[in-house]
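Each of the next two complexes has chain A plus one more chain, namely chain B in the first and chain C in the second.
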Partner chain A sequence: MSRRIVQIAWRNLWRNPRRTLVTMAAIALGYAMLLLFACLLEGLQQQMIKNGTSLGLSHMQVHAPAYYPDRSLYDTLGGRGGTDVDRLLAAITADRRVRAASPRVYGYGLAGYEDRSAGVEILGALPAQEQQVTTLHTHLVAGHYLTAQIPQGVVIGDKLADAIGARVGAEVVLLLPAADGSMGNDLYTIVGIFHTGLEAVDRGLVLMLLSALQQLLSLAPDRIHEIGVALADATEATAVAAALEARLGEVLPVRVRAWPELAPHLAEYVRLHRSISFVLFTVVSVLALLGVMNTMLMAVFERTRELGVLMALGVRPVQVVGSILAETGCLVGAGLVLGGGIAAPLLWYLQAHGLDLRSFMGEISVAGSVVDPLWYGRQDFLAYGQAAVGLAATAVLSAGYPAVRAARLRPTEAIRKV
Partner chain B sequence: MRWQKSGVALLLGMTCLLLSRSSLATDDQQAREIVDGVDQLLRGQSSSGTVRMQISTENWQRGLSMHILSLGTDHALIRITDPQKEAGTATLKVGDNIWNYLPKVNRTIKIPTSMMMASWMGSHFTNDDLVKESRLVRDYFITTSFEGERGGVEVYEYTLAPKPQAPVVWGKIVMEVRQADRMPTWHRYYDEDGKLIRELTFSEYKTMGGRLIPTRLVMRPADKAGEQTVVVYDDVSFDIAISPDTFSLRNLAQ
Partner chain C sequence: MAGGWLLVKVGWRNLWRNPRRTLLTALALCVGLALLLISLGLIYGSHEQKIANGVQLGAGHVVVQARGYQDTRAQDLLLPSSVVSATEDLLRSRAGAGVLRGIGPRLLASGLLSSATNSSGVDVVGVIPAAEESISLIPQRIVEGSYLQDAKPSGVVMGAELARKLAVRLGSKVVLTTQAVRQPDAQTADGAAGEMQSALLRVTGIFRTGLREFDAYTIHLPLPEVQTLLGAPDQVTQVAVFLAQAGDSSLVAMRLRERLTGVPVEVLTWRESLTEMAQLFWLNEAFNYVTNGVLLVMVGLGVLNTILMAVLERHHEFGVCAAVGLRPGQLAGMILCESLMLAGMSLTLGLLLGLGVHLYFAAFGLDLRWFVELNLPVWKAFDPVFYSRLSPGQIAWSVGVVFMMTVLLSLYPALKAARTALPDALKAG
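Moving on to the complex of A and B:
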């Protein structure tokens, strides 16, 4: 019975092929547009989170409770006595969701070369660990990354290099207040220069070996300020941070912050994207709703006489409603399939090759993250599914009015209608 | 008759106005002179002195000895003589510029404008204190905010408000000066919101180098109880012959 209803509905659809095709095309294009938009938005979002967290922030940071955001030199993990760094790292990486962890020390001071100088943030790290947590090593424009073989080597941003007029191989002097109250100062050789596109990083960051910075700051080897943590899945950061804080808290007072807390602008931007896609979905839905309602009203109007005959022959109003809704369902279903078919190659292309905006825009940074002018899409199947179900539901809902109208026809009058 | 009356009234009014303006001007002039005198007190036309600095913070304490040379308001050279580890470290100021010489690496580093509010050698004095303090009269409007007895001493209290375009960092400076000998007792520095940031107190007034000066200065940050930097003058001479060439980068690195 139900199969027959669908069959009849499908045939009915093609009694006016032009009208059906136009409505179907509208749904298909609307759906295809939603798919492309969702794909691009997901791509942008993932890119922003990745770029925003991979240039120094990392997905999570482990600090002594008082360290952040003042970043006082003295608030090291484990307090003034420091802590067993290796044991702490092992405890963090014991969580299977953690991909890598990198111990860090920070210093704030001056970098000078010949007669020029600039205020800098100095990050001391272990090259092998840091490369698993951040991607600075992939942004080098000259020289190479830190190596243990060159203990006095530093890697700096290109804007900083320009500001002080230094190139790879130049000896820069770093000057900063040390933990014993003296002014720590020493000479370092620039081994590499990076360009990330983030102004603050390119202009202000100096990277050096953890032990070298500890020495410059007169800090003991077991005193570190931060552990940067990379996760397998960035979206889990908040949950993992809470779990880790509870677990580590049993041995050491720590605060674990996930990137949405460390970079609230970035988190807000991600939320903004969700609102934008919801607005777009609403607009497309309203248009689809009107299109479908119009089509089905016309169909009912044309078939008044036929419906009258059917009802005179004993077809019940419920069955009339069912057939109209089935017809709508077929229309929308075919539209969605068509839309998906149109969009699929484009979605694949966006994921594989990206949208090249390089001729329209240069490198820009938004909410503390770099936006790449080569815009890759990412498949967001959950969003695709939600859009399909939402569109189908609104369409069937919009067919409710024509269907009820059809069911309320009085056969005696309807039959006389030409 | 009527025009005569109004003429007299006008004349009277103008006289009053002129009188009040001139008395205001003398007051203002006196305040400016006193503030400028305080400003120049430890400097003179030129000066050469030895100073001990004791810095106490929450995390460490340390003492520095240094030799200070100054010429006018634009030139100063400070060289640390003790402790041994830092001996030779020097700061040169010429005009608005500051350089530090670091003997360990034999390099001179210029302090950029952005670091002017950073601490000088870990003390509670800023780099800006070395450069900008010399311009109080030029950069601030000065009003007398109190005049009379305080704790048994006749004092003036002046409030210094920055002039609109003045390149200064403080929202307000309030200072107290003893009326009798025009010796400063304290300076209080406020930010733009009127919050007290730090207080500099003067004491142990002695005649040194032919003039009466406060030989002990204590700088205390308002937000860190217990922290302070004490500066004690051991010896100083004023208005001596120093060549401007002394204040050169070449000389800094010696």
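Moving on to the complex of A and C:
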């Protein structure tokens, strides 16, 4: 029975192919746009989270409770006595969701070359570990990454290099307050220059070996400020951070912060975009609703006589409602399939080749992350499904009014209508 | 055409032969136009807000600085005082009257600021306090103490985040260390070139802008203090020019370039000095146009459907009209009249709805917190309340676009009506 209803509904649709096609095209177009929008948005989010976390932050950071956000030199993990770094690292990487962990020391001071200088943040790290947590080593434009063979080597951003006029091979002076109250001051050789597109990093970050920075800061080897942690899945960060903090807290007072807490602007930006896509969905739904309602009203009016005959022959009002709704369902379903069909190659293209805006813009720093002008889309099937179900539900609801009107027809009057 | 008025009257009646359909179509058109107006207003409004903030925190609408400074930010690229006075002369002359809001000569440097407990890298801005009061956002965002005054030569104003990090309060002492700039012509006489210089300063004011890059890194000092520290008497890094209208930026920049030809300077408008922001706006606007374009096509298809169906179901009627002597041109004219009236009616409603919402948002703002729960305090990150702005040109443009679309869409049904083949049409009834 129900199959017959769908069959009849489908046939009814094509009694006026022009009208059906135009309405279907409107739904298809709206849905295709929602799909492309969702795809680009997901791509943007993933890109922003990836760039925002992989250039410096990492997915999670383990600190002494008082360290963040002031980053005082003295608030090392385990307090002034320091801690067994290797054991701490082992405890962190014991969690299967953790991909890598990298111990870090920070210093804040001036980098000078000849007669120019600039304020910088100095990050001391172990090259092998740091490369698993952040991607600075993939953004080198000159020279190479830190190596243990050159203990006095530093890697700096391109904007900083421009500002102080230094190139690879140049010897820069780093000047910063040390833990013993003196001013640390030493010469370092630039071994590499990176360009990330993130203004703050390119202009203000100096990367050097953990041990070299500890020496400059007069910190003992077991005193570190932070452990940067990379996860297999960035979206789990908040949950993993809470679990890790509870587990590590049994042996050492620590705070574990996930990226949404470390980069609140980034997290808000991501959520803001979700709300924008919801507004867009609402608008498309309203327009689809108006179009479908119009179409189905017309369909019911021109079939008044036919419906009257059907009801006179014993078709119950519920069945009339059912057939109108089935017709709407077919119309919307076909529209969604058509929209999906139009969008599919574009979605694939966005994922594979990206939207190339390079001739219009460069990299943009937004909310503490970088937006690349070559904008890749990412498939967000959940959003595609939600949009389809939402649109279909709205459309079928909008056909409720024409359907009820049809069911309320009085066969005796309807039958006489031309 | 003799029957012109009659066609309009008949067209109007025809529209109301099926009031429900007409109203639904009108509603779609109305919503389409209103959306266009609202989204344009909100986007331009939010951009204006961001421009205003960016300009007030940055280098103004137009900035004059030594050539190459924008790219390198090299501390030793300085402007001689002659350029500063030339800029001031031009802008304070009659040509600048009514256009100019203020001029701020600034000397920028980076340094290390240390307190008894901690230290931090800072962006040093040497300013003329009286000039900054009217142009910069920072004097307006003082939360403790007061902004710099010319009378207190060794005061420093810093961001709240920086003050917290250094654990200082009003009256605390801090030490600023920076490197003196090279002076090619005065190197031997000055002796200070390239050396580290320190100065003891007292905190006189603390500001909070809500933007971490300022609150945690920016300090304002009196200009002479920084000039002494850097060994660069009478020199500044840039002259920030603030205008009454952001729209005058290009013109003022052009005038300044003419006046300063031959001098090694760069004159940049905010679009050039805040490139990332300008590009982000471009992206926003491009997205808005694409989205609105697609939505309008959706609306357009609905309109096409209505008019086309109205024409097709009146096949017989058109046949009769043609038989009693209505010419094809008049038939087409009647259909066009119908769609023009439909468009006129819905666009009026759409304009009312769109402008109504726009005026509401212009007065009270659209608070993004309605849609998404923002955990950060309001002053952080960005202002979540957007105020709508629309120019008469934008309104006219939006109405024009939707109107043209409706007219173009009704051409096909009108032609179809005009081509009614008499015998077939009469038989079909």
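In this text, the second predicted complex is superposed on the first by the 418 of 418 C-alpha atoms of A that agree within 3 Å, B and C clash if a C-alpha of one lies under 4 Å from a C-alpha of the other, contacts with A are read in each partner's own complex, and residues count from 1 in each chain.
The definition used in the following text is that contacts are C-beta pairs under 8 Å (C-beta built on N, C-alpha and C of every residue); 3 or more make two chains touch, one makes a residue touch a chain.
Since we're looking at a predicted model, the values are computed, not measured.
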So if we stack both complexes on chain A, do chain B and chain C clash, or do they fit?
clash
Applying the touch criterion given at the start, work out whether A:22 contacts chain B, chain C, both or neither, answering first, second, both or neither.
second
Just to be sure I read the superposition right, which of the two partners does A:180 touch: chain B = first, chain C = second, or both, or neither?
first
Between chain B and chain C, whom does A:116 touch in the aligned arrangement: first, second, both, or neither?
both
So which one touches more of the residues on chain A, chain B or chain C?
C
For A:71 in the superposed arrangement: first (chain B), second (chain C), both or neither?
second
When the complexes are fitted on the C-alpha atoms of A, one of 97-105, 151-159, 313-321 or 331-339 in chain C overlaps chain B. Which is it?
151-159
Those residues of chain A which chain B touches in one complex and chain C touches in the other:
110, 112, 115-119, 175, 177
Spell out the part of chain A that touches chain B in their complex, as residue ranges.
74, 110, 112, 115-119, 173, 175, 177, 179-183, 185-187
Can you check the complex and tell me which residues of chain C touch chain A?
18, 20-21, 24-25, 27-28, 31-32, 35, 71-76, 110-112, 114, 117-123, 161, 164-165, 177-182, 193-194, 196, 213, 217, 275-276, 279-280, 282-283, 286, 291, 294-295, 297-299, 301-302, 304-306, 308-309, 312-313, 368, 371-372, 374-376, 380-382
Mind listing the chain A positions that touch chain C in their complex?
16, 18-19, 22-23, 25-26, 29-30, 33, 37, 69-73, 108-110, 112, 114-121, 159, 162-165, 175-177, 199-200, 203-204, 264-265, 268, 271-272, 274-275, 278-280, 283-284, 286-288, 290-291, 293-295, 297-298, 301-302, 357, 360-362, 364-367
The answer for chain B against chain A in the complex is residues 55, 57-62, 85-86, 89, 100, 102, 104-105, 107-112, 114-115, 119, 121-122
